Amino acid sequence: MKKPVYLDYQATTPTDPRVVDYMVPFFYEKFGNPHSRSHVYGWNAEAEVEAARAKVAAVIGADPKEIVFTSGATESNNTAIKGIASFYKDQGNHIITVQTEHKCVLDTCRHLEQEGFDVTYLPVEANGLLDMEKFKSAITDKTILVSVMAANNEIGVLQPIAEIGAICREKGIKFHTDAAQAFGKIPLDVDAMNIDLLSISGHKVYGPQGIGALYVRRKPRVRLNALINGGGQERGMRSGTLPLALIAGFGKAAEIAQAEMAEEHTRLLKLREYMYEEITKRLPAIILNGDREQRLAGNLNLSFSYVEGESLMMAIKELAVSSGSACTSASLEPSYVLRALGVEDELAHSSIRFGLGRFTTKEDVDFAVNLLADKVQKLREMSPLWEMVQEGVDLKSVKWAAH
Amino acid sequence: MAYSTKVIDHYENPRNVGALDKNDPTVGTGLVGAPACGDVMKLQIKVNDDGVIEDAKFKTFGCGSAIASSSLATELLKGRTLDEATTIKNSDIAAELALPPVKIHCSVLAEDAIRAAIADYQAKKGLKASA
Amino acid sequence: MTDLLEVGGNASSTHSFGQDARMVVDGARRQVAQLFDVRPEQVVFTSGGTESNNMAIFGALAASAHKRIVTSPTEHHAVLHAATAATQNGGRVSALKVDRNGLIDLTHLRALLAEGDVALVSVMAVNNETGLLQPVADIAAACRAAGVLYHVDAVQAPGKIPTRLADWGADMVSVSFHKLGGPKGVGALIFRAGVNIPAFIHGGGQERGRRGGTENTLAIGGAGLAAELAAESLADMPRLKRLRDTVEGAVKRLSNEIEIVAEGAERAGHVSCFILPGIAGDSAVMAMDMEGVAVSSGSACSSGRVTPSHVLMAQGYPEEVAKCSLRVSWGWNNTEADADTFVQAFTKVWHRLNKENTRN
């Protein structure tokens, strides 16, 4: 069977072959425990870990000492949010986050609510962006932590991180951002943006799965209670043997992402805009979810009105895409992110996330556009809703028998 | 979740997609489901003077199983009398298509659509729905 | 495993790339389940042994009305520090008495359990520094009788001793795969059927809601293979034990001052912990390194710091002695030639350091 065209770069990115090549020796001759400081295997391993740390730090303008390796962005988010909440709980018990955050941030916050913290889940506007006035008015003198993602995994919108950071710094509130989708894709500078903690994922930036990082600011110093306790690695903030090969690959991936970021951004933006223009040229009643300007170059999230999502997914099996977010697509719940934007359930059901990335070509996009135009048209011809709309019926005026 | 080959066949080659004139007195139209629930079925039957369904058409907004269920329903309806049509059960459709448990509701919806179409036809004829 | 670098895909995605990743993860889960003779759904993948230990400890406390953890003082830091952190808000940790070999005192354990306020007992299967085997089945029986959860840090066990969960009787078992030739960055927590604790890392709903985070497909695939290879390692254990015994014999012939920790107790066959009186462990490690032999002192994870082994200190060795340990472990890739090399190198190092010692 021919492999489908991969357009799901927000779920995960294929490991860059340059990263793979770089990693392979670490499984064979370059093994060693970077914590064994008394023999040469250990020294070489430690040197590689520190080199990778520097490469990751450079992407966000951080000092290498501020990078803590973790098993991935989920662990980073758990560590940052629980760690800050528990360390600073004497200063207040209020946390602000956003309804469209990644599930792991929301789940972690819900867990903290059970432990007695107050969490404000800010709504977003119809374009998916935070209203700064609503944000400001949510702050109280009990607020100890703000967690707002840099780029959304479903709709790709970029939140005003720098503005949020400035306000948090001024008020002495710790600011965490989940940058799993943004790292290596858009310029990030922890100092200019006043970011105190920042979560990174290896496999979203063409590195391996199972590795990530948490940036923790040193000046002014941000402290946290560790989530994973043990041998005291990573300056006590994250215990556990460091996975050398994964870290080496992650470092290489960060280096490549930084070197190619500007060029790749331009290329992807052009490709995405082309895709959007072509689809809307050929199909009426297509809705773009999320702001068109303030969004990741490689993300396009569209609702195909009057077509049901699952049958659309079946019709475009030759494309590897996601409906809803990857982590929840095993269930048929409409995406909570789209709901937060006020997208109606039936449109949410028919939404598809197209994730474009480093290995996406114009041919891939043309193939996708042709397939979509053909299949959506066929499904609409089969859709009683489309027929009613063509006849001028206002679907909202129909009294549907819910079942 | 894997669909049976029969579901995939009906999904890829749906039978009897289309519309009949809903103002025709010999046509009964059933519209069931709701967009917010993810399925809407429109099923139409054309009944001749002998009370036999001589044509059936459908349009469905829904998943592959919903499309397959309504497509199969139109096949089952053609050539049956109205009385015979009322005996079609969702379990027949589910069994024929080997629907997984989470998709049984699609066959229920198809049965609802059949009943709604028959009721619409009988209402037009001034008949009471068969008691 | 490097082939798996080519498997892209997020194992939670429904398209074929995701399903390829899902197949790798499911296959590995079956392989790991087989190692413990449990069903695949009893296996939860984590980022490593440390996370598994933290998950078990924090989870057991969250699931219990009690706030007390009983553990042995010779546990890995991942257990000891997690226990401390988990009980910092009102709970407490009680240390079991251990003898000179590190063996826990079962009578003491039963007495602590009888106090009725214990949430969890955590005692490892195989000590990482000395190879000592704890009486896991006896501990499990005592815990079961008291209705208390029993967690086993079994990071050192697979491939070294049989690991059938039913024989152990434990409720939760931590595994790390790089200790059995697998990749780093992956571990697992094995649950006895019916044992349930809240999630430790929240989000995403992966691992049936028990551990959030995109599955580490590559490393998990490697973990599956490593689990399968553990059976071969177990078969290789008599050979390693012979290598070890040869080396221990040679070392003891060198000087009767050298002690082998837990020599008279039941030990896994792959490791020796020598005490070299008057010679700091890290100097011995350096000297051996110059001879081309990689060994370690104390526990590898803390050897970045020059601290005495907490394991040996718990066993009653004085601090200055606990700084003088040398850990030698043997793996599948070691041969008799390596054993000879070790003995030759060690003989030189011992004579040199011993001479320096007497000069000082």
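Here are some notes:
Note that the chains take the letters A, B and C in the order they are written out, and that residue 1 is the start of every chain.
What we mean here is this: contacts are C-beta pairs under 8 Å (C-beta built on N, C-alpha and C of every residue); 3 or more make two chains touch, one makes a residue touch a chain.
The structure presented is a predicted model; accordingly, all values stated were derived computationally and were not measured.
Nearest to the global CA centroid, when each chain is reduced to the mean of its CA atoms, is chain A. Among the inter-chain contacts, the highest number of C-beta pairs connects A-C. Relative to the C-alpha centre of chain A, the farthest chain centre belongs to B. A straight line joining the Cα centres of chain A and chain B is 43 Å long. Centre-to-centre, using mean CA coordinates, chain A is 35 Å away from chain C. Averaging C-alpha coordinates per chain places the centre of chain B 62 Å away from that of chain C. Among the residues of chain A, none is in touch with two or more other chains.
Across the complex, chain C meets chain A through its residues 1-2, 5-6, 8-10, 12-18, 46-51, 53-54, 76-79, 81-82, 84-85, 176, 178, 183-186, 199-206, 212-220, 282, 285-286, 288-289, 294-297, 299-304.
Interface of chain A with chain C (complex): residues 1, 3-4, 6, 8, 11-15, 20, 23-24, 27, 33, 35-41, 70-75, 77-78, 102-108, 110-111, 201, 203, 208-211, 225-233, 239-246, 313, 317, 319-322, 326-330. Listing the residues of chain B that touch chain A in their complex gives 3, 11, 14, 17, 19, 31-42, 59-64, 66-67, 105, 108-109, 112. Across the interface of their complex, chain B is touched by residues 306-311, 314, 332, 344-346, 349, 381-387, 395, 400-403 of chain A.
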